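After this come two complexes, each holding chain A, first together with chain B and then together with chain C.
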Partner chain A sequence: MSAVLLLLLAPLFTGCLKWVKARLQNRQGPGPLIDYFNLLKLAQKSYIVPETASAVFLLGPSLSFLGAVLAATMLPVFPGLSFTGDFLLVLYLLNLGRFFQALAALDSGSAFGGQGSYRESLVAVLTEPGTILALSAVALSSQELSLASLAPLSAQNLLVYALALAALLLSLVAEGARMPVDDPATHLELTMIHEAQLLDHSGPLLALYELASGVKMLSYLALASLLLPLSHVLAFLLMVVLGLAGLAIIETYGVRLRYLRLPDLLTYNTLAGILAMLGVVLRFRI
Partner chain B sequence: MDTPLLALALFLILLQSGLALWWPPGRGFPWTFGTAGVLLLAAGLHRWLLEAPGQQLSLSGLYLALLGLLYLALGPYLRDYLSHQDSAQAKLNAATIPLFALSMVAALLVPPGYSLVFAWEAMALLGYLLIAWGEPGAQTGARWFLLSSRLSGAGVLLMVVALSLIERGSASLWPLVFVGALVGFGVKAAIFPLSLWLTRAHPVAPSPISALLSGGMTKLGLYGLLLATTFQTKPPEWMGWTLVLLGLAGAVYAPVRGLAEQDYKAVLAYSSVENLNLMLAGAGALMLTQDLRFLAALVFLQLSHAAYKGLLFLGSAILPAREIGRLGGLWKRAPVTAGLTLFASVAAASLPPLAGFLGEWLLFLSFLGAKGLLALSAGMVALAGVLASVLYLRAFGLTFLGSARSEAVDRGLEAGPGMRLGMSLLATFLMTISLFPAFFLPKGISVPLLPQFALFAGLLVLLTLLVWWLKKLQHRSYGTWDCGYTSLEPVMQPSPLGYSEQVLRLFPFVSLRSVPSVGVLDPLEQAYRLVSALYQNLASAFQRLQSGSIHLYLLLQFLALLVVLAVAL
Partner chain C sequence: MAILATGFLMVGRRSLTALVRFYALQNVLLAGLAFALSEEGHLVFAGVVLLVLKGVLIPFFLLALLKRLAVSHEVESYLSIPLSLLFGGALVAVGFRAGKAFALPGAALPEAVPVAISLILLGMLSMATRKKAVTQVLGFLALENGVFLLALSETQGLPLFIEIGVALDAFAAVVLAGILIRRIKQIFGHLDTARMQELKG
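Up next, the complex of A and B:
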């Protein structure tokens, strides 16, 4: 149920993002529905397989997409599959997708693919512990280790939830490859992180990657929305609108961080995770 | 019921060893080699699942099953592998490998007494010989192995002696038992600062031996530690905390150090250190909390580690060179081995839906369920997990994908049918524990598990459909995108150190140096060098006593006599 919603919404989300950004930058820009047409166009094209490629080349987009979709089925935007420790499975299914995406980038044997692959690895190392700690802290403070039964926001867990929200939003920009971590609009291969891995994937393969990255961003927004004191659907929609606005503003007025400065920003993610966990264990209150 | 099975298995292993001496291994090598593995697997699982959990009988069953699995896979594998060696060496290996397996099985079957010491020492000696008979450069690695075995043997001996003294009524010796167990079994399981031997010995050992060492022997250390917890109703807290802290430190140190490594098999060895230290941390937390979920996590971590690390090491035999920087594009030359290695790598990177992730997931949940600061360990587990996945991304991606970085790759050949069968057996087992994990837990340990079957089967079906659809679509082969620069060279792909350089910057305890040659600065290795220098100085100081002067010797004897008299009177 949640997966279907996220899948349907993903092109709208990325399309709207482009549209809002264009308006903020005083451009006409494409309409908000552009990405539906874009995906349709890509799906109808034939695709190119590099001469060096092996079977992993197709596994990359496929597993990246399936990992994101399976992760989305476990998000409690609508009531669905829920069990103890599901939040770990959600994060690791997204990791599965990233693992194969980075492998497929190496498979093409290009310099850019390899570059994208190790840059993505750095981002993963920087964000993952923080994200897991943050979600674990939230789950622990609710005493139920599943996403569907997180405790509502209250004075007791305000600090933990705020820290976890910060960590999740940082993960959103890092894992979704948005500014200030990565610039989705760049055309220069040397500066790419996420896009560099997709350079050799065309047509339906690219469509799968685009869809996967949209679902992935929405998944992080959905995870963050669980921390808001609203009903799940409402909180999710609010979070999507907020995310849209936030990302558009950052990408219009902000600049991208130099790649080697990424640790400076993303350490806050880890720090927030550790503090959130300490907050639960030592029972800090505001 | 398992006793006749075990007796038959032991008999078969012995028979195999004797047979190998006059039956030249190779083409006509009997297929019966691995049969004893089936018996061990059956007997072990029977013990593990049906005996009362938490006792030596059931514990040893788990490890018997694990050894049986590896032995089973080695059977067909060795048939091909040994046929490439010259006859005398192949005979020697074929006769010794069963004995090595036998000594490990014996260590599991005997009670923790002097017979354990003998089995433990036999294992160390045979392991040393098997490594040392390998490639010409294997001597140093083999000596590292022997040195660590001395330490481990001393620890086990201390434990056994203390235990037998306690039986005679000196209860104050209990701490000694646990110190002995910690050193004796901890070193075998590559506990953190004492883990250097593993990363020196396993890369130089022949591939099937590495598989047996990494998949099987190191687990016996964990067996010993778990066995030591049954001596008393509750093991001491300090032991639990030591294991947790050292284990977590090692689980983060090892993959980082592995990222600075350029040798494919050394990367696998560092990943073994990471896995083992994670398991040691789990074992320590089990001692502290008595939470059975830790035990369940250990079961899946160990069973899947035996299968995937065995498979990875067996697969490494086809590499034409060990340096990752000279490899690349091996998938095209050896698709089956590459595919199996990828499957094992996914498990090793602890990604769902395979059993490696199930173990890590249980470890996360049990750490989160623990009281106090122990819950923070979840962060270390997460860090170790993501580092391991980068480690395998790099090792597999640079070795098997892309294009060849040197001419060495042209010599790369697909593994023979027997080798492929051996690896497939391990892959099948990995698949079985991933699909039906509940079967591998005895009734006494009931913990909630992931819906593995639905997850795995669902993902597999969807993936097959998607790939089938993609293959059906129109596509064509073309050159890789080179940004308009028309001669893309293989050297433009990332080099092994280039791949990990930026991740290594995050961890100041391992750094790369480029002058005078590219290398790694590792404080652990420097500490070892310091210790060995101290030891050398001490030894040369003592050597002055051995001057060859008869007067000095007489004086020493006289002094010794005086001391003895003083004590006796």
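Up next, the complex of A and C:
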């Protein structure tokens, strides 16, 4: 259920993001539905495989798409698949997609693909510990190791939840390749991180990638929405709207960080994760 | 909690003007807390003093100082930013662990005591690791804020004279430090305390 919802919503989300951003920048911009048409158009085109590429080149987009969708099935936006420890599986399924994406980009044999791969791998390395620690801390503090049964927000776990929320939002920005980390609208290959990996994929392969990255962003928003003291669906919708507004504002008024300064930003993520964990273990309270 | 967040942001930023703004924000938050806690009159007064003196006057003074010295960016540090953030995290953990024992039975806001201790430790961290004299002053001010928060949360409100005395003390310290920093700049041509260790004969 949640996977279907996220799949259907993903193009709307990215489209809306483009639309809101255009309006904030006083441009007319495309309508919010643009990404549905975009995906349709891409799906009908043929694709080109580089001469040097092997089967991994095709595996990359399909596995990154599959990973995102499988992760989405386990998100309890609507009650669905749920078991002990599923939060770890969700995060690593999302990361599995990224792993194959990096491999496919390396496989294409172009210099930019490799460059994008190593950059995105660094971002992944920097984000992973914070995200895992934050979610584990939340799970530990609610003494339930599955996403569907996280304890609601209360005065007892306010500190842990706030820290985890901060960590998850930072990883949303990093994993979704959005502004302070990566600029999705750049056309200069040298500054690309995420986009550089997709340069050699065309047609349906590109469509799979685009859809996967939309689902991925929505998955992180859904994870963050689990921490809010509302019913799951309501919290998810609220989080999506907030995420739209936040991302659009950051990408209109903010600037991208220099690549070498990324560790400075992403340490906040790790820090929040560590503090959340310590908060649970040592029972800090505010 | 937001106060603690500003403490962390102060450790994490390099730009000096941003540091001063975060310091001002921290003071405004502290003043808000003082207003929220006040039942009798004089905490309101202390809050107003805090807001005017530390939220407005000191930041403006520091910004003017920075402008006159023409330094604004790239605070140098003995530790890299990620490392000092992680150190800050460890210090905050220590502060929370120790802070629980610090809360007195009759404390007005026992939850804020660990935050105050952590803020003091974070201020000490930025005093110890940063190289520029201005940042060390800012670290001192953050530390002083921690002391104020501690006083605010532990007691039912200090006597008014002590509050005013502490606030004026901080202001005097900043003015003195400002003059000292200007002299350092005039004599040495830089503000880097790490380079001041060689003797001049």
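Going forward, the second predicted complex is superposed on the first by the 286 of 286 C-alpha atoms of A that agree within 3 Å, B and C clash if a C-alpha of one lies under 4 Å from a C-alpha of the other, contacts with A are read in each partner's own complex, and residues count from 1 in each chain.
Keep in mind that, in the parts below, a contact is a pair of C-beta atoms (placed from the backbone, for glycine too) under 8 Å apart; a residue touches a chain by one contact, two chains touch by 3 or more.
Because the structure is a prediction, the values reported are computed rather than measured.
Peer 1: Using the superposition described at the top, determine whether chain B or chain C touches more residues of chain A.
Peer 2: Chain A has more residues touched by B than by the other partner.
Peer 1: For A:N157, select first, second, both or neither according to whether it touches chain B, chain C, the two together, or no partner.
Peer 2: neither
Peer 1: Check whether A:N38 is in contact with chain B, with chain C, with both or with neither, and answer first, second, both or neither.
Peer 2: A:N38 contacts neither chain B nor chain C.
Peer 1: Touch test for A:I274: chain B only (first), chain C only (second), both, or neither?
Peer 2: In the superposition, A:I274 touches chain B and chain C alike.
Peer 1: Which partner does A:D264 reach: the first (chain B), the second (chain C), both, or neither?
Peer 2: Touch partner of A:D264: chain C, not chain B.
Peer 1: State which residues of chain A lie in both footprints, the one left by chain B and the one left by chain C.
Peer 2: 263, 274, 278
Peer 1: Residues of chain B touching chain A in their complex?
Peer 2: 328-329, 331-332, 335, 338-339, 342, 346, 349-352, 357, 361, 364-365, 368, 372-373, 375-376, 378-379, 382-383, 385-387, 389-390, 393-394, 396-398, 400-403, 448, 450-451, 455, 458-459, 462-463, 466-467, 470-471, 473-483, 488, 490, 492-494, 498-500, 502-503, 505-506
Peer 1: In the complex, go through chain A and note every residue touching chain B.
Peer 2: 46-52, 54-56, 58-59, 61-63, 65-66, 70, 83-85, 88-89, 92-93, 95-96, 99, 102-103, 106-115, 117-119, 121-122, 124-126, 128-129, 132-133, 136, 139-140, 145, 189, 199-200, 203-205, 208, 260, 263, 273-274, 277-278, 280-281
Peer 1: What part of chain A is in contact with chain C in the complex they form?
Peer 2: Going by the criterion above, the answer is residues 158-159, 162, 263-264, 267-268, 270-271, 274-275, 278-279, 282, 284-286.
Peer 1: Residue numbers of chain C touching chain A in their complex, please.
Peer 2: Against chain A, chain C makes touches at 1, 8, 12, 14, 80-82, 85-86, 88-89, 92-93, 96-97, 111, 114-115.
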